[in-house]
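What follows are several structures.
Consider the two complexes below, in which chain A is the common component and chain B and chain C are the respective partners.
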Partner chain A sequence: MMEVNGSAMIVMAGKNCVGIASDRRLGWNKQMTVACDFQKVFQLNDRIIVGLAGLGTDVQSLRNLLRFRMNLYKLREEREMSPKAFSAMLASLLYEKRFGPYFVEPVVAGLNEDGKPFISSMDFIGAPTSAEDFVVQGTCYSQLHGMCESLYRPDMDQNALFETLSQCLQAAVDRDALSGWGAEVHIITPEGTYTRTLKSRQD
Partner chain B sequence: MSRRYDQSTTTFSPEGRLHQVEYAINAINNAGTCVGIMGRDSVILAAEKKQLSILLADPKSSEKMYKIDDHICCVVAGLSSDASLLINEARLTSQRYLYGYQEPMPVESLVQDICDYKQSYTQYGGLRPFGVGFLFAGWDKHNGYQLYQSDPSGNYSGWLAATIGENNPAGKSLLKSDFEENLDTRSCIKLAAKVLSKTMDSTDPSAEKMEFLILSADEETGKVSQRIMPDEELAEILQELQQETATEGDA
Partner chain C sequence: MDSSIGIQGKDFVILAADGSASQGGFLMYRKDVDKILPMSEKQILATVGSASDREVFSEYIQKNLRLYELENQIHMSTFGLANFIRKELAIALRRAPYQTNLLLGGTDDSEGPALFWIDYLATLQKVKFGAHGYGAFFVLSILDKEWKEDLTEEEALDVLRKCIAEIHTRLALAAPEWTVKVVDSNGIRVVEL
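Then we have the complex of A and B:
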């Protein structure tokens, strides 16, 4: 189910910044490429970006559900949700559907109030992992993981982070038929979020 | 005479009235006054902040003004606890619409929904009605700026300018004489402040006793902003108003 549409994403922590890179392919039935501008990364508030890897329809539905929950939280609590709380909520949401799950494996990139990066990922029924350095998800999980292990170094500034994320993603998706066809990178810093689309191989 | 018909919401009186609902409406008339004014490019909501005791801790948030969604807000007159419930319901309703239709809920639809909810407490279940009146302000792409008043019966109507709460007849008569359509934001604020000064029966209206919310939309992008006026800005406008009214009677 996770390989019907194809995806690849990385979240990496830098020095007082965090970045997320994602491919943009929407495939169909493991065969055709239907779109190369499919959005899988969503900025939910100033300090949280979530990447949803997996089945396209569930990506979109889950994104709507997350927006619903974030809006209500903000109205009731009169404050923004923290990345940690968001990650916990997402895990809980996924587990609610334990016996009929969303076929989505999310990655969360967030910046805490103090500017420190927050990273987490989970499987499609909400088993969370948090890391200090990077997390990956997608149809080319092994390739992504290998690239990150090789190229990652701690305390990168936002430019180095951008470069590393781009190189890791591009190299990994080139070894996977189901992901690629475009790439985008977002870096969250205390000053704001910077987004760039990468020029990549369209195959 | 019809005292025996007023104990239950689900019983009409011989004259065809629902006494419980009417008593609920009376509950609102003791609450702090609220004013709503629709201008050319904003809707203004204003409320009297009643200070009940100096021992009360500073509230972290308003007990009169509430945001329902990005494009809808309201001001409350009546029982605060009843209001909390309805506001929560309104927020949920608005988000469910956004979730389902991927676009903001039209203001009138939201008001209708809440009013239907209120109405059900006048007809079923043996539960008492909500003792709250609202002024809802909002903007949507279908009908632009809108101002609605709703009461415990579940009735609502759209207004160009409205007041509810204590002394609202005095407020209404002032609005009838002084309101004009398509006022700019500053004039709307001044008019609302004038109404509040009258209903509060105060010759020296101060910014700490009032609260103002300005809702305005960028018609092209559809983005609506809501802003509670800080005290200093309000004080400046009140002063301007004082000077104008001081010279009003002069030849």
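Then we have the complex of A and C:
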């Protein structure tokens, strides 16, 4: 189920910034590529970006559900949701469907109020992992892990973080048939979010 | 298995779908089925897949769109319609899935032409060209090569002829007849290739 459409994403922490990189391929049943600009990364508020790796339809359904829940939280609480609360909510939403799950493995990139990065990922039934350095998800999970472990160093500034994320993602997806075909990187800093689309191999 | 093709041009969208109604991979009931239904004055939906799901789903969307227009006194945009279709498919997916793949083409006065690829799992993507079915394996590469920005209708129909010719050459059990419709600012037209 997770390999029907294909995906690859990384979230990495820097010094007072956090970045998320994702591929853009929409594949179909491991047989062909339908589009190279499929959106899998969604900025939900100024300080939270979620990347949804997995089955395309559930990526879109879950994105709508998350947008709804964020808006509802904002109306009720009259404040923005923190990344930690968001991650907990997402895990709970996924577990609600324990016996008929969304086939999506999310990664969360957030910046806390104090500017410190927050990273988490979970499996498709909501088992969370938080990390200090990076998390990865996707069809080339192992490749991504290897690249990140090699190239990561702590306390990177946003330019170094961008470079590292780009190199890690592109090297990993080049060794996976189901992901790649375009890449985008978003860096959240206290000043704002910077998005760049990478020129990558289209194969 | 039936195929469909969609191409977005400068200010129009062309949808083509084969005319077959078949069973068991070898029996052809009919070869002249029109699988491209008008949703509104300037939106058309090509559905391929299981025959009953195809007809039921496209009529369901057509009638609900009309209801929306009557209730809200406003024309729904192509993007809105695409998302409405996706939502209906996504809800049905975990109850009683529709086994239909869709291409939605339409023009809006403000937005211009738009083509949406929607598969039976309710994955939605806006595309410049798209295809469903076994035919997709052959035509996507042709479209990658031949499609360019601001195609005129003649150019787009030429590309479409190449695509259909390739399907006839290489797809075993390819349907002989295709329905082709164009939607532009003047409305919906049937085109003879």
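Things worth noting here:
Here is the rule we use: the second predicted complex is superposed on the first by the 203 of 203 C-alpha atoms of A that agree within 3 Å, B and C clash if a C-alpha of one lies under 4 Å from a C-alpha of the other, contacts with A are read in each partner's own complex, and residues count from 1 in each chain.
Methods note: a residue touches a chain if its C-beta (ideal position, glycine included) is under 8 Å from a C-beta of that chain, and two chains touch if they have at least 3 such contacts.
Keep in mind the model is a prediction, meaning the values are calculated, not measured.
When the shared chain is aligned, chain B comes close enough to touch A:Glu78, but chain C does not. When the two complexes are superposed, the chain touching more residues of chain A, out of chain B and chain C, is C. When the two complexes are overlaid on their common chain A, residue A:Leu26 makes contact with chain C while staying clear of chain B. Once chain A of one complex is fitted onto chain A of the other, the partner contacts of A:Ala35 are limited to chain C, with no touch recorded for chain B.
By the touch criterion defined above, A:Asn5 lies against chain C but remains apart from chain B after alignment on the C-alpha atoms of chain A. In the superposed pair of complexes, A:Phe68 makes contact with chain B only, with no contact to chain C. In the superposition on chain A, A:Leu55 makes contact with chain C only, not with chain B. Within chain A, not a single residue is touched by chain B in the first complex and by chain C in the second.
Of all residues in chain A, those touching chain C in their complex are 4-5, 26, 28, 31-35, 37-38, 55-57, 60-61, 100.
Of all residues in chain B, only 60-61, 67-69, 88, 91-92, 95-96, 98-99, 102 touch chain A in the complex they form. Against chain A, in their complex, chain C makes its touches with residues 86, 89-90, 93-94, 117, 119, 121-125, 127, 130, 136-137, 140. The touching residues of chain A, when paired with chain B in their complex, are 64-65, 67-68, 71-72, 75-76, 78.
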